[in-house]
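Quick one: structure below, then a few questions.
Labels A, B and C are assigned to the chains in the order they are written; within every chain, residues are numbered from 1.
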């Protein structure tokens, strides 16, 4: 299993910074050259975000990046008054938090069980889980739509929450199994001998020690449910159930063709949509970087 | 007595099986279920609306026969291959590797500004796909998008990105979004190379280029193959980014396999045919995944 | 307080693997300190874990206080186990670790506190109670683990190599204390170790296991003086018993190196193929002209302060002799060896069993 953990483990190291060694100081030519390269690369990655900021605070937002010509907060006011964005936000928060709770519960149980179960072909289960992880949700979108319609899971938060949870499960089960593997069995055995039942030993001794893992699982489940758009688009078409990604999706489509997009309004929505992501991600950056190294995320 | 002992041993595993059951239920419902549903539907003329929606008819291998003689599907596969090679292999993988090498070098040389590059790549990676799509819609805007404005300042003419070069446009957008993944992995891998290897090579008289060629690259190779496959699998499934930017157009120029399945099922209402495309996509994906798992196992 | 009985207990971990515990039958009377001794992988820890309920036997019965515990959950067996790793709960303070079994039993807060204090006092760790396990040294952790076991007043104490992670000096000190403590508490204790010196110093009785099978059970003196077979003879004692193939006729055994040894009276051999066993202290270095003495070449001399171990060569065999500290033959010289008939042990060469 170590091999498959390798990319994630490496990413965690990437965030730690290099070993610093005293070396000859860089000369001026090297300095200038390196910083020029830095400038070009950072511009490539950052210009779209700089534009986003400028557009959201501009009354007559354009598609190009610049200091807002007509600085205003109108766009933010508009999305709450004209687009009912407040309700959409509450919907999204509800779905994301419910998904997070369901995921944490499910992966805690499943990760622990998978770590402790004794089966002769146990590694096959792990491989099956990894195989599911590589299954892109865009490939199963058509059947999921058909299945959800037959099961009456369309236009229902239950359906949305279940499927958002399911999407994150393969990776997080595998992640949590790793966490539980690192907690010595002797600890729960000691608790059993001290008189605890298996369930209470899990709750009192094992889970408190798995807290960092559960934290990562909760953060990733929230982020994923918050950002996921494909399932929302195919499962929800009632206005009252709309979540942020759907509102965003619709705003982009209904604001005319791509040439006359109401950039300012959508940019304001995007900024509010991005806030929780930035908050979760940058408060626990190192944990999340190692957690996010899930190759099939964010399709 | 013996029987009760055996019952206990099984009983303990049964508790663990119970612990797995909620997860197994969800995975079965939303991963295995849809795969089976797609396979079953691919043998029918199931539609989105109308009589064939309620009572799909069994049509055998008709959908598969149609798919493999469908010239549009050939185009779609070609688009997918170009998109994967362009954005996953050349874009994310090569750029990510170069970025990792640059950052590793810059950090070792003590250039503080490397943190800005690292952070900005990460920012592009963590934001929701639909935002990435929106940002690049604005960037590519013909009349006053940042790209054309920038080109104008340099004296270049405006480029109709999404009209004339849509494939290049989605490749740029996807590269922007996914490069951090490869960068993170290689940056981590570079950290695990012990510095004394380089010191030994220096003592042996190797210059910077030799050190890179003889030591750095071989040590990165095992992780490189795995990363390449992960990136390929992820890129193969790209949907929202392309849908937001071009929706497969113009004239199928950026229609990749995931979009094609979606359009057949939801715009042409041919759910059976769309499922057939989904089955083909899942099969290709499974092939990639099995190769991936074998490589990771071989490394274990 | 209870006696413990293993009754033809079998345990196998996989269909392809050899049995980890091989028809083990063993009775431990109340208040005894029994040591399960054997090399790693001999099944001693598995035997202990089956008693605790962490593994279930495939066949046979285990009884505590006369009642079968097979099939009972660990929590219902009222036994305490000190793990080799101590298994202290890392997120709880020493006080909460020790108090955990009491909390589980819903004792009142005051009663819990009183009992934790008392046990901590007894083990001299009162000042460590507020600390977390990570803030304790190995020896301190070991005491907290011990306290957690004692505080419950269980029917049986189980110890799975609890001293093996301590440094040598502390290990010797702790085992003396542990022995006194067990006598004071009067609780049956089963102690697993691979260290024969630890077993000798602690045990009321020692049960020697090898490859899942019980080799011998007896007092330390029994297993040392009258090993039941070649395995026990080699495993117990440092340096171990000297073993040499020999041909036995009547009352004389002749080793392959040509050493003629008297066979102890009462030993019966049906065939001449035997192995002679001699404890290093059963051999004396004597004057060269003593009748019956055998000459051997000195290879090395290892002084240990209170004793000297002399390694000599006799034919093909290397023989270790324990002598008084003032005996220092020069390496390469010849010495004469003499043996008392009562020090000679004979084993069957085919089966390894004592004759």
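The rule we apply is simple: contacts are C-beta pairs under 8 Å (C-beta built on N, C-alpha and C of every residue); 3 or more make two chains touch, one makes a residue touch a chain.
Everything numeric in this text was worked out from a predicted model, so none of it was measured.
Distances from each chain's CA mean to the overall CA mean are smallest for chain A. Centroid distances built from C-alpha atoms place C farthest away from subunit B.
A count of contacting C-beta pairs for A-B and for A-C identifies A-B as the more extensively joined pair.
Centre-to-centre separation of subunit B and subunit C, using mean CA positions: 60 Å. Look at where the CA atoms of subunit A average out and do the same for subunit B: the two points lie 16 Å apart. Here the CA centre of subunit A is 56 Å from the CA centre of subunit C. Across the assembly, subunit C contributes no residue in contact with two or more other chains. Each of residues 198 in subunit A touches at least two other chains.
Interface residues of subunit B, counted against subunit A in their complex, comprise 12-13, 15-20, 22-24, 26-27, 29-31, 33-35, 37-38, 41, 46, 99-100, 102, 104, 106-111, 113-114, 116-117, 120-131, 133-139, 141-146, 149, 162, 176-177, 181, 183-185, 187-189, 191-192, 195, 223, 226-227, 230-231, 233-234, 236-240, 244, 258, 261-262, 265-266, 271, 274-275, 277-278, 281-282, 285-286, 288-290, 292-293, 296-300. Put simply, subunit A touches subunit C in their complex at residues 120, 184, 186-187, 189-198, 205, 208-209. Those residues of subunit C that touch subunit A in the shared complex are 14, 52-54, 73-75, 77, 79-81, 83, 85, 87, 89-91, 100-101, 104-105, 148, 152. Chain contact summary for the complex, subunit A toward subunit B: residues 1-4, 6-7, 9-21, 23, 26, 30-31, 34-35, 37-38, 41-42, 44-49, 51-52, 55, 62-65, 105-107, 109-110, 112-114, 116-119, 127, 129-132, 134-147, 162-163, 165-167, 169-170, 173, 198, 223, 226-227, 229-230, 234, 245, 248-249, 252, 258-259, 261, 263, 266, 270, 273-274, 277-278, 281, 288-289, 292-293, 295-299.
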